[in-house]
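Please go over the structures that come below.
Two complexes, one shared chain (chain A), two partners (chain B, chain C).
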Partner chain A sequence: MSHNKKWIVLFLLPAIILFSFVYAISLIVLIGTSFTDWSIGSSIHFVGIKNYIDLLRTPDFIKSILNTLIWIVLQSTIHIGIGVIFALILARKKWYFKMARTAFMIPNIISSAALGMLFLCVFNPQFGAVNNLIRLFGVKNFSHNWFMDPRTSFITVTLTWLPFAAVVAILILAEMASVDEGIYEAAKVDGASEFQTNIYVTLPMMKNIIGTATVLAATSMLQKLDIIMITTSGGPGNRTLNMPMFIYKTALSQNNFSLANTAGVYLIALGLISVVLINKIYGMGKSDV
Partner chain B sequence: MKKIVGKLIAASLIASTAMFTVAGCGKGAEPKTEGASAETAATDTAKHTEADTASGEKVKIYYPTYRVGAHASAAAEKEILDEFNKQFGDKIELVVEELPSDQAYVEKMKVLAASNDLPDIVEGKNGIIDLAIQNGQAADLLSYVEKDSAYKAEIGEDAIKASMRDGKLYNIPYASQLIGYFYNKDLFANAGIQPAKTWDEFMSNCEKLKAKGIVPLALMTGENAWTTNLILASIIGTDGEEGNKFMNTKNSDSYENSSVIKGLTMIQKMLKEYTTSDAIGAIYANAANNFLQENTAIIANGPWMTPDFSDPEKSKPGLDKKVGVALFPEDGIVSQFEVGFMVCTKDQAKMDAALTFLKFRTGAYAQKVMLEKGGALPLTANIEMSEEYKSENPLIGDLIKLGGAAKYKYSNLDNTAFSSVIDTFAVNYPELALGSLTPEDMAKKMTEAAAKNK
Partner chain C sequence: MKYLKYMNQLLIFIFLTLIIGISIGPFLWVFFSSFKGNSEILSSVSGFPNGLKLKNYITAFQMAPLARFYINSIIVAIGGTLLNLVLLSMAAYAMARFDFKGKNSLKLLLSMALLVPGAALLQPLYITVKTTGLYDSLFGLVIVYAGFGLPTTLYIMMSYFLTLPKELEESAYLDGASFVNTFVKIILPVAKPAFSTAGVLQFLLCWNEFQFALTLTTGNNNRTLPLALYYFKSSFASDYGAMFAATVLVTIPSIIVYIALQEHVVSGLAAGSVKG
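Here is the complex of A and B:
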């Protein structure tokens, strides 16, 4: 082994050890127990792929996959779109730049649990700001249970995270700051408008960072639990049930750890597929410049 | 090895779902003496305490609690823990971990139970006791209690009998529960009604209140649907002998019976017509606030709520003078013992210290503090209320009197149903209220949820 390779191995070692103990072993145990029948206090029995088949026959699990997929798509498109537009606006560095950036960031720095409570108040049928606003515009005695009415529960839960794309905006802003000013000057000399510069110059150069932000946004939907738990618990019925919520209920309410771990394997698989697809779509890692 | 595998498995679940950020309870690695029992611990208590004191080392025991912050029993808990530290602080170091809510407590204990890592003293509520027994951490306390006649008298035979499982005593209750419903006398007078004697009269009262523009019931369907489920349990528990037997049966595997369907049918009507517009999805704080602000005439809840009636930060001024307490129709009352505490250690020195704490936490002194500061009823009549307390809290005295006159006594659903069944209420009550789920469908869903429990 060359001297250089030894250093590479030495520097990689802490990360490898950390990964092995925190993730790799956990992952092996997770996958291993997904083929068993196991709950707290019971002995473990091998059951083959029974859990995998049972889950696919469980309506709540199918609904949780569908909801998670919809949220991944929404987060990868609308959420990213909002972040990109906001970044392009902030990049103009007008007088409102700092204030707008800070205000946009606030929902991202509040804990999800607190944010959940906040939205419960905002959408409260009696004293919530949304209903009060509608009453203010003349709809007397208006009262709508936004989170618990089956017609609005999904969209209301979605609104608790979809518009808040400050992280996406900040990532893109950071990348934009590294672009050579000469490129913009050249576009200006060629007579490009601000809109044309954004579409034909800025955005193509932001492809990789938008792809990265999309991966982050999409995979965040695979972890969404606390805000759903606080606002709807996955209800009414199973209308806002996602995979993490399903896993939580299966493990901690039903004490069925092996089935929860099987759902965890499906969740990881969905995450990997999402990441690969997004990488393909954005052609990440390849440079057009 | 088995323990290590168990811990790894539990850790994998957490890692895979990224659900929690659960810090360990701080218990850490410790030598464990397999096979240690409460009996041997009781025998050796004096020996160990002397040895520990002689060596100058305190025995450290871990005690998580959710009675903090704005919790109704936070003041009582603080007083009890302060007094314990005053009396035993030179021998026992009580490490208290504060958790922000009942739910956070239950979730954390369940995760720790999965890795056989429960703290030394744990409250067994919401199915935690089942997990602690299944994983072998809960110690049998019967011989310890039997040997200490004074302590046994403080707990009382009834509480011990109610807590026995297969001839073993894994938990010691700290309080008893008597739950009727509170009503606003002024609003009742306005509608010209009295507490109902039958469920038909109860519904008729609701109609009369509604006709007067008063919202009758403070209900909620979020969390564990507490105030709503107390009424449901009461409809079932007062539905003849069959219904009463059902509400006193633990872990039923079927809810498809006439009493439950009758209860769900009435709850459906209550959710549709007799409650606030925010009841669907509401948490306890919403329901309580609606009663405390006189937006509703009735709330089903336990005596721990009574201090709130005179709290100017929570209630309208003078509410405490307007509130009365009543039995549920058909002379029913929720009557049970709190699950209470378990000892979950096998290390001899820790066991001794934990038993000392358990005795203190569930004994006469703590019961009195819990009554006077937290509104929790004591386990036996031996704990007398001071005259000052009686005059300041007439509702508690009234409730105890009513409890003695009740025809039907039963547990609540939290105490009898699997946690998987309790989970169904938050997601299915909204559908029931909207009519997209019939009472029969909901009973079926509860049965299915019970079948999922492992």
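Here is the complex of A and C:
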């Protein structure tokens, strides 16, 4: 089938061009310009690793790394935990299975911009549902600006994504469906309670998929930009500033392209480190059998 | 023992109620509030003492060019999904079915796309799109979105093609069918499940995307729906009802697509993540 060679190339080429346009060229520009002093309307000079050092001396950037790290840790633990518990409950396939799964998925399938807007309304100091509820339960004239008060801004932003672990739950449920029913029956015959079965039988078998879900959850924290832009823009001050928001501000408000791209390289590096670390923790890639 | 069981049931009930409450509560609250007048929203009355009001929706369409944004979003979502599916089903077919030099390196290269967070690409893509004359055009967004879905679609397609028996094509070749003919007439018809699974995920990605729509367009002509909320946040600020209505209008299509094609979304998420 050697005459197929021409066709194989023609079939692959469009995808390779697409990849080059979106990823390859971008990565070359990103890494290349991180060693220059490129900003809008000026000529470009090579400056070595100056940007990399400068960034580490920028308090806003350090704050953005710290916030991103905290969010990665929270997402890898609490978010995953919520997803696992939800999956274990739904695995019993009760009457509410489909309804619960659909409802839980809603925050994950709507636009983050819209989700941000929903929460902005819910937490609105004047008419928001949260403050209304608190007033209803007795605190007269209660008014709290959840997103813009420095004491609550971080936790309020966190709440817009931390509980919504439907994707984690779906991954685990799919994996559970592939487990041989006999194993559960054997556990039942041995007199294990449902709780014991979950802890000692199901969860160990789910180790790999939980690891994969943790990678996805952790790396999703390197992408959070839209919801922060809609709700706080990283404020008040730099309270909720994360790395994507820092890059956006540096590139598009200050037009400091090379500095933004240096931050982009740091962002990719942080992603790689998280992936490797999580793989190590879960012992993935190694076969248990 | 019995006591413990009830306790267990109670905890499950509380957990589920809480999780589902915060998942759909905000949307339902905004949805119902979108039929209220400004004063009713501010005084937080429950129910609809003055009847359902559609006025907010009319105001929302008047305050922001929502119709234009809707059309743009539909064009970008359909275009980005079609381009993505066509290009990647071709590449996935070639990679799943044939051996050629450099195949593994190509696979590795393409899967690198998974490791690059979108925010890192903000400025470089802005420059590429600008120099190629695609800035502030719907076509530019279509290409960028088709690229963002590359790893997921490629993976779903490849795994599906690998499950198809080779005999399927061999008999076609024996009958003298060409490479392209075999792909279009034999493979594509049986690959429908892969197309719908990858297609739904890609459609939602295009429909919901915000940050690149924001950086790669300017002016109202080529903006998509999610941007409406951002740009008109301040103009809506005086008219809460219209703000609620606009939020509902942006959210509803995703929810409808999801509920209609739920099983595909679920199987797509499960398939797309088992890469490692």
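To be clear about the criterion, the second predicted complex is superposed on the first by the 262 of 289 C-alpha atoms of A that agree within 3 Å, B and C clash if a C-alpha of one lies under 4 Å from a C-alpha of the other, contacts with A are read in each partner's own complex, and residues count from 1 in each chain.
Just so we're on the same page, a residue touches a chain if its C-beta (ideal position, glycine included) is under 8 Å from a C-beta of that chain, and two chains touch if they have at least 3 such contacts.
Just so we're clear, the structure is a prediction, and the values are computed from it rather than from any experiment.
Under the clash rule set out above, the superposition-derived model of chain A with chain B and chain C contains a clash between the two partners.
In the superposed pair of complexes, A:F11 makes contact with chain C only, with no contact to chain B. After overlaying the two complexes on the shared chain, residue contacts for A:N238 are found with chain B alone; chain C is out of touch. When both complexes are overlaid on chain A, the residue A:S42 reaches chain B alone and has no touch with chain C.
Once the two complexes are laid over each other on the shared chain, residue contacts for A:A100 go to chain C alone; chain B is not touched.
Once chain A of one complex is fitted onto chain A of the other, the partner contacts of A:L27 extend to both chain B and chain C.
Once chain A of one complex is fitted onto chain A of the other, the partner contacts of A:Q126 extend to both chain B and chain C. With both structures placed on the common chain, the touch criterion links A:A186 to neither chain B nor chain C. When both complexes are overlaid on chain A, the residue A:V276 reaches neither chain B nor chain C.
Set against each other, chain B and chain C touch different numbers of residues in chain A, with C touching more.
Of the two partner chains placed by superposition, chain B and chain C are both touched by A:A251. Stretch 116-124 is the one of chain C that runs into chain B, the other listed stretches 44-52, 80-88 or 116-124 having no clashing C-alpha atoms. Chain A uses residues 22-23, 25-27, 29-30, 33, 126-127, 222-223, 225, 244, 247-248, 251-252, 257, 260-261, 264-265, 267-268 to touch chain B in one structure and chain C in the other.
Note for the complex: chain C touches chain A at residues 8, 12, 15-16, 19-20, 22-27, 29-30, 33, 41-42, 44, 87-88, 90-91, 93-95, 98, 100, 106, 109-110, 112-113, 115-128, 143-144, 146-148, 150, 154, 173, 179-180, 183, 204, 207-211, 214-215, 225-227, 229-230, 233, 240, 243-244, 247, 250-251, 254-255, 257-259, 262, 265-267, 269-270, 273-274, 276. By the touch criterion stated above, chain B contacts chain A in their complex at residues 5, 8-13, 15-19, 107, 110-111, 113-114, 127, 131, 133-136, 221-222, 276-278, 280-281, 283, 286, 419-420, 422-423, 426-428, 430-431, 434, 436-437, 452-454.
Residues of chain A that touch chain B in their complex: 22-23, 25-27, 29-30, 33, 38-42, 120, 124-127, 143, 145, 147-150, 222-223, 225, 231-238, 241, 244, 247-249, 251-257, 260-261, 264-265, 267-268. Here chain A touches chain C in the complex through residues 1, 4-5, 7-8, 11-12, 14-16, 18-19, 21-23, 25-27, 29-30, 33, 82, 85-86, 89, 96, 100-107, 109-114, 116-119, 121-122, 126-127, 129, 132, 163-164, 166-167, 170-171, 174-175, 194-195, 209, 212-213, 215-216, 219, 222-223, 225-226, 229-230, 243-244, 247-248, 251-252, 257, 260-261, 264-265, 267-268, 271-272, 275, 279, 284-285, going by the rule given at the top.
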